[in-house]
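Below is one structure, written out as structure tokens, with a few remarks after it.
Letters A, B and C name the chains as they come in the text, with residue numbers starting at 1 for each one.
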Amino acid sequence: MISAYFIHLLILIGIYLILAISLQLSVGFTGLLNLGHIAFYCVGAYASALLALNGFPFWIYFLAAGFLAMIFGFLLSIPTKKLKGDYLALATLGFSFVIYAVALNWTGLTRGPLGLPGIPRPTLFGFTFSDNVSFLILTFIIVLISYLIIKKITISPFGKVLEATRDDELATRVLGKNTFKMKSISLATSAFFAGLAGSLYASYITFIDPSSFTLLQLIPVLCIVIIGGLASLKGTIIATIILVLLPEPLRFIGFPSSIVGPARQIIYGLILLLILVYRPKGFYGKVELE
Amino acid sequence: MTKTAKTILWVVIIVIVIGAIWYGLTRKPAEEVIKIGVITPLSSDMVNWGESMKGGIEIAVDERNSIINGKPIQLIFEDNKACDSKETVTAMRKLIDIDKVKVTLVGCSGATMSAAPIAEENQVILLTPMASAGQISQAGDFVFRTSISDTAMGKFLGKYLIEKLNFKKIAVLYANNDYGVGFFNNLKPSFENSGGEILQAEEYIFGATDFRTNLTKIKAKSPEALVVISYGQEGGLIAKQIKELDIDVQIIGGDNFGTQEVVEAGGEAVEGAIFTTPALDETKPEVIELKEKFQNKYGKEPPVLISVADGYDAANLLLDAIEEKGYNPFGIKDYLYSIKDYPGISGVITIDENGDAVKPVSIQTIKNGQFVPYEE
Amino acid sequence: MLEIKNLKKYFGGVKAVDNCSFEVKPKTITALIGPNGAGKSTVFNLVSGILKADSGKIIFSGADITKAKPEKISNLGISRLFQQTKLFNNLTVKENLLLALDNEDTKFWKNLFSLNKLSKEKETKIKEMLNLIGMEKFESTLTRDLSYGQKRLIELLRTILNPHKFLMVDEPVAGVNPKLREVIAKILEKLKNQGETILLIEHDMNFTLNVADWVIVMEKGKVIAQGKPEEIRNNPRVLEAYLGE
């Protein structure tokens, strides 16, 4: 009998894996300053939760989460046609704030700070994934499919064009490639998977509220992408496992109750610092950004 | 980074980790220990609430010399940062699965909502002394709450405004978090059903310091009273700005209005304000005593006194239940549902069929910077 | 093949390209020379679509490309080598070259479903080209790890592999050692013999006048002289422009 606690951690790892490898696609491979990833995750979570609560079947609310997030990803890429690359960081940042504000204030739709409780677990072909072991299996199937798709994109010639766009966009255009299209597809795909991750999260915890989707939540995912190494999927996987599991042993160190909160966070931070000291480019990073 | 710096970094980490493990190991081994899990904000901007709740719990345990039925009580604290759902669920799983805890105290509404299904699934007691969202009432059989819910508060105030204070036309200014929104959502129907009219309802961003735009709109409608549903010092700032904008209105505060913070931030402006309170009379000796105990134990004033009192009462209820029924969730559950007129410091508590505490709400006012009962 | 008509590009008060007009005939190597700041690279950037002209026209094979985007211009048949190296430094030599061969790699679905496989022909072509310059061993090296001269060679190769009707080459031998200069000169000769049309910017006079069929001289944004290399070599106006620098 595997511990329920451990299964929970594996599910969290699964959700973070999807978030991290999709962020790696837009940031590490395409060089996009995508700071809106959590907003795509949020859109996916809310879309999925609302549709599920209104009785739609799993495959509809799950895919709708991805598609809705993807549409936003695509829309955010449009202005990059005329404006400089740094614009994207500002736009995605602004988008994050807007989505959070909508989740918090459009109480008619999202119930604002009260959140959405009672989100049903997925049901497929008559089987409901109400126990965590089956949910874990579902999660990992989705993780595997997501990984295979993103891996295929990155090792294919298309992935090379993305990397070329990151390394020198002008040179890429001069070779005849429509880099605007490349960036759009990259951001949209990245957002799609973030939306799927959001759907999984909502279905798992069965309760979501805006506090789970603040900009702060981007930090661990960004850390994973950097510590794993830019443009390295293998590194991303390892970094996800490490960063999700790392705080756990700290729970078992008997810190006196008066300092337990800050103490764990400080140690976690110190260990991350140590990793970066020994591996400034991340575990498997080979990319040097200019 | 230089070699010296790297070495120092390593030494620091190793010393901390070893020191902490040693500390952990020298604590009592788990033969027959009564374990109580506590999940509350121990860091982040919610830390004042978390520490207050924690303080109340620890004081209650101290008073029993950390022993119950001859066995040592072990409190296991987990930090859910800013009431984060993910952190709460992970902590809950760890407490139940690894620490084999059967009784938990959880702080925050969102956190309670995400932990509730796990408590139900594992038949573990979840008692929250610090959560006001109405939906917790339906969260489960094993889920209990000793703080007053927004549903109860909102309903009470809605009626009270008309029946006792005779205010028929009011405005409301409330924070846009689950507390403010929940309170308002219950105040509105209760007030309107009793024949009242809300002339203007303004929502503000939780944590704001400038309410002038909202207040100007409210002033334009000339309400008889302004209900303020705020947190921390916001109530005081709002009162000050009401005076500044020269709005002639009776201030009615929610249950977070009657705090030192508000008096300090509001000064003269909060004189005469009326507010609801879950009967936490700061002039009562046991309340003063609790305040002192907190001061002595932690070397500072309780940041949120009501949370200390709620935590204290919740812990005591749990410990009484364990004393009577043993460390058995089913027995404890029965005990908790049967609680009637328990003289808690935070008020007289009766647990209803939903596991919610029904406490008398009292109305107080501020006179010379002191909280005194309001005479109708 | 390429016609520049009254091209103007001002940067604030600076007249980088000032009413510039010239023509590049097919199957020739035309050199664009002039002192620093004459506007040669600006003309290149205008033709490539990287900069937008203030006025004037650029006609390529009969089509007006004055306002066209860089990728469109490339796909119409203009291939460009830049003065600074613009290789994809986190990719290998082979990957850099493959990117030039065609645009099938920009098709998302085709690539996702593995319908754009690396054909034998492409592999062979790359190997051949690398053999030509003696760099077969560097196929899997990251371009970041190449020496400056090697980088220029690979970049030149990439420019040539990009399907084209017209080559624009900006200072191909600048900063490159004499041995590699020879190699590059040979490559340009070979291209000329294959009937290619090339527009070349280069400061090395000897190199340029040896390899070019036609020379256009610019100074301060204007064309001040044009002609066969021998004519230009002795042109007093040209000497004056260079002495002035």
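Throughout what follows, a contact is a pair of C-beta atoms (placed from the backbone, for glycine too) under 8 Å apart; a residue touches a chain by one contact, two chains touch by 3 or more.
A quick note: this is a predicted structure, and the numbers were derived from the prediction, not measured.
Enquirer: Using the contact definition from the top, classify how the chains connect: line, ring, star, complete or other.
Expert: Graph shape, chains as nodes and touching pairs as edges: a line.
Enquirer: Closest chain to the overall C-alpha centroid, by per-chain C-alpha centroid: which is it?
Expert: Minimum centroid-to-centroid distance belongs to A.
Enquirer: As a quick test, compute the distance in whole Å between the mean CA positions of chain A and chain B.
Expert: Taking the mean C-alpha position of each chain, the two centres sit 33 Å apart.
Enquirer: So the centre of each chain is just the mean of its C-alpha atoms; given that, what is the distance between chain A and chain C in Å?
Expert: 42
Enquirer: Which integer distance in Å separates the CA centroid of chain B from that of chain C?
Expert: Here the centre of chain C sits 71 Å away from the centre of chain B.
Enquirer: Once bound in the complex, which stretches of chain A touch chain B?
Expert: 3-6, 8-9, 12, 104-105, 107, 112-115, 117, 205-209, 211-212, 248, 251-258, 260-267, 270-271, 273-274, 277
Enquirer: For the complex, give me every residue of chain A touching chain C.
Expert: Touch residues, chain A against chain C: 149, 152-153, 156-161, 163-164, 166-168, 170-179, 181-182, 185, 231, 286-288, 290.
Enquirer: Under the stated contact criterion, what part of chain B meets chain A in this complex?
Expert: 1, 6, 9-10, 12-13, 16-17, 20-21, 23-27, 41-43, 47, 50, 54, 58, 75, 77-79, 81-86, 89-91, 93-94, 96-98, 109-110, 113-114, 117, 122, 133, 135, 139, 176-182, 203, 298
Enquirer: Could you pull out which chain C residues touch chain A in their complex?
Expert: 48, 50, 69-71, 74-75, 80, 82, 86-91, 95, 98-100, 103-108, 111-112, 114, 116, 118, 142, 144, 158, 162
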